[in-house]
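Same chain, two partners: chain A is paired with chain B first, then with chain C.
For the complex of A and B:
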């Protein structure tokens, strides 16, 4: 009961962030809503799929951006009409949503099945391979995209055109992010989710208890792919364009950096990390001094380095440490070890 | 005395014939024959490196045998995966505790109970089914004397408590055969006594195989003892026979050691 205050503060802040997200379009300049905040929500979704796999399945996947890209390319091919690369099928954007997510999830099942035997660094390398394959696939299969990519991807008419109504897409992204977040939070407390955490902690023990570890990993990977795919659909609506550079290695690393800056052990950290990343990315480019404007990579690299050294749990780790320090001062007992919520634990590296 | 039992289960619950396991050039287990009767309490003794744990891994299916055959409940399980053997009724613990450190005590047992049931992949909570699983998990928590620690993260339990939980995990699937790998290792004297009582209090229909270095625990719990050395079974007998056996003394207890009592 002693750690109730910390939990209350944590939830209170979470609630405030949600309220802010709801009223933000009325408070901040349109540039913020249409660009920074929408992009934060979308990148947060992809990073959350990575954090889900890492925190609950022990799988640090570099393929999330590829799966998100596959969903995006499917949407692009199906829904554009005439003047761009790709199949230009001109279908209703809602079909794009369904097929984009379904196809990307099927690919995720395949990737998951192929990588389900591997753990640790080997898993990382296999998913890196997937990322590279996806990148070159869309670059070289010119029927589907080519290096120039697909432009003019429309959002459904209920939401778009995005340039005219940026608020609508912002709220759609907010709603989707919220639903996916709630879904992931729910799933980790189901039989599937608890078993997944068992697989994370000790796969050998899980098999001797009667579990099919590879199947479990595969399905978890597919679920992570589904979440990333939802982000991919939103990305092409927001960006109206996708090309292989959108899923190249630097984009993969961006999402990994977001997840690490936020904190690889807690889902909320995805959006925190994405916000810091997007804001830094935007403002560093406007800084006039030290030629920093062209050196975003250097700046984010230094931020990354500082965070990894100061707090392996990322910004969320710093936050939790502050909360537990405050809690300790109040109660004079060391309750700091107890995490705020069951099921969240720092991965031991 | 146990003629009725013998005729009822003429077949042993576990039968090994010529079982071997190689790791490259190392022959960790070789040509082991073993029959364990239903409801028997068997201890496996032997010096470090004798192949006891490897034998466990081969029986439970964590490593497949490289030669020989394993029959469990009359069924050939030599090529059956570990998770299917668990469902047939094998439960085990590990020499080094293998628990899920990021989960609570109750969730650990929840997983152990769920393991041999349907619905591993169910992505929704079905309240009725879940309550049943959790009810069973809490029963097990009480049975291994961890009441009140339900929501403690396993990583924060003491070593002794983790060993207790290990036994709860092995019991959770209601196994017909329970294999305990050095359950008393690292325990204090008092904890060993508690553990022995816990083992003696187990349902007599459960067959128990125990690897144990602590002779007090092993010889109090076991009805029969199998002695291993260098990957082979060298002696098998009752605790009294083992205590009296000269080879055992030379190999395991060391020359000059006197059996007390």
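For the complex of A and C:
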């Protein structure tokens, strides 16, 4: 009962955000729909896969961007038709979707199996290695990409051309983000999700209880990879281009920053973090055009630093703190008697 | 009562007067609205409609330090042809004011900051075109960026794009966007004549090639290979270190020494580490047995290569700072007068011939001449403007420029030689000119052939249009 007001406020705001997302293309300039909001949804999906692994599996993975990139490169190679690097197979874009997601998920299973025995800093290092390998692989295997990357990647006819109908891709991204969010929420409530959280909290005890810890981690990693791969397909439709720089270390850090400023303990934080990141990245440069010239990178860094220092739980952390403050104040008033039962719905790391 | 009545009457008059005053802004607003509506009705071609221009430069990455050179080229063209004033002669990046063509102001809406990565170039292009609403974009700087931007241009036929300084071949030959124009040569064109020189004058029969493993360096090496093999030479080994390699020792060791010469297309930051690695692997360098692409002659930077490379020939970038012609000298003095400093390099002298300055300049001039031909009218989805730009021909400072069917420049190119000057320091002089070089190398490259890469073009003998027709241009100081 004590959580009820917070939950209601949460849901209310969530509902408002959803309503805004649905009507946004009618309210905001086209640039916002076509670029900032679509990019927010896509980056949010990748960051959500990272938050899923971190919050429910205890695995801070730096390989999510490379898996998303692998899906993107597969789509690029299969669906472009001449005039660019890569295989230029010219297949139907829907084949690109299927194979992009399947191949990226298979790679995620491999990555997951290889890294499932490590934890903490070692897990971070292994996934960082995956990120670097993927970056150089596509840079040096010129049959598949090369440093110049693949340009002119088409979206399916039903969605594209993206520049002519930006709102179609926006709604597709919105729908996919919503489905993936619901799927992740569902998975953490399944017996698998519950035991995954057990693995996160105490792998030794889970192991002695007979749970296969490595298998749990591998499956979770593969699922996270599947989510990231969906983001990768949407990314290449939106960007119409992918090159190794799209998955290089700075891109990996970008997604980590998004997850951290959003808050590493709640899935919704991924999209909040992505929104702040995308808007800041875009507008600070514009504000700084005359006064700060080309030093916008420093400004962005300082803002992120401030967020993380002021709230270790990211922006979602600030929100939670405000809610609990409000809750406490309410509990002090005689009309709102605090019931005894408590318990957190969302796990924390 | 009477007094009171009069007071009321006067108060009433005052109120009416006040109301009338209040009406004036309303009337003005109505007039402005009507005027705006009228202008809107007569389409965007009406006199005075501003034209929004975005410039895409690199302010980060390997070429970030040339940011101000890029903008200086654009500014110079605006001053020369559109009556603009440079905002800050010591910081070209700040842009210009007061430019117009036939009464249409040319407004700079933003300068994009890319980092030689295609991905960033696309993001910045979207920001300039879609957020800041630019009608026309000038840029980008480097090869891979331009391929991505040309693909973007294809999707936006009602906007116009002119290149900055990018030199990848695919940008025009493969992508063929009808609204992307390039008034500079590509990396292969810039090396035209070098292979002929190596085979026929230096009597190289065999050569090795080392080039960075990406579009621009492949294109650059392709120019030498097509030229050298075309003349009858044989390239026996091609080595491609990944971009941003820091330790070149394993690549230097792969290069054979039993060849007559080596062509090096290793970019900016990698060049000096490569030369060191080569010395460690094969002993002292003999400059006469080397040829380099434009990075061997970058103004202000080539001196760092050291006197060991004296005697080496250098493929240029379609520029020749020491050219002794009226047009080249006029350009040099105009540039020196227009700017006080080009950060971080300092005084403008000499920087007018930088590949970045000159290419951005030539492309902006091409655009402005197109705009002049249509009297600044960009209505009708810019179709007339694009047709006009395609037809621009121009006696540029370093020789005439015209566009081919793929909207790529047919232009003169120059090659230079490094030598030790009287002061004991490495210096450079222009020693050869190849007139009217086009992108196809007499059919070696076409839309149907593969893009330049690790194995393309193959080494085959073929007559090239300029073989034996290179001339020695007049240069300052002989």
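Here is the rule we use: the second predicted complex is superposed on the first by the 325 of 349 C-alpha atoms of A that agree within 3 Å, B and C clash if a C-alpha of one lies under 4 Å from a C-alpha of the other, contacts with A are read in each partner's own complex, and residues count from 1 in each chain.
Everything below uses one rule, namely that a residue touches a chain if its C-beta (ideal position, glycine included) is under 8 Å from a C-beta of that chain, and two chains touch if they have at least 3 such contacts.
Keep in mind that what you see is a predicted model, and the values were worked out from it rather than measured.
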item	value
Fit or clash between chain C and chain B when superposed on chain A	fit
First (chain B), second (chain C), both or neither touched by A:197	first
Touching partner for A:142 - first (chain B), second (chain C), both, neither	second
Inter-centroid angle chain B-chain A-chain C after superposition on A [Cα, multiple of 10°]	150
Which superposed partner A:232 touches (first chain B, second chain C, both, neither)	neither
Partner chain in contact with A:86 - chain B first, chain C second, else both or neither	neither
Partner chain in contact with A:262 - chain B first, chain C second, else both or neither	neither
Overlay on chain A, chain C to chain B nearest C-alpha distance, Å	37
Chain A residues touching chain B - in the complex, by the definition given at the top	187, 189-195, 197-198, 200-202, 204-213, 215-216, 219, 223, 337-339, 342-343, 345
Residues of chain C defined as touching chain A within the complex	59-60, 67, 93-94, 110-111, 113, 117-120, 122, 126-127, 130-132, 143-144, 147-148, 151-152, 154-156, 168, 170, 174-176, 213-215, 242-243, 451, 453-454
Sites on chain A touched by chain C in the complex	30-31, 34-35, 82-85, 136, 139-140, 142, 146-149, 151-152, 161-164, 239-243, 245-246, 282, 285-286, 289-290, 293-294, 296-297
Interface residues, chain B side, partner chain A - complex	60-62, 81-84, 86-87, 92, 94, 98-104, 107, 110-112, 114-116, 119-125, 130, 133, 151, 153, 155-156, 169, 173
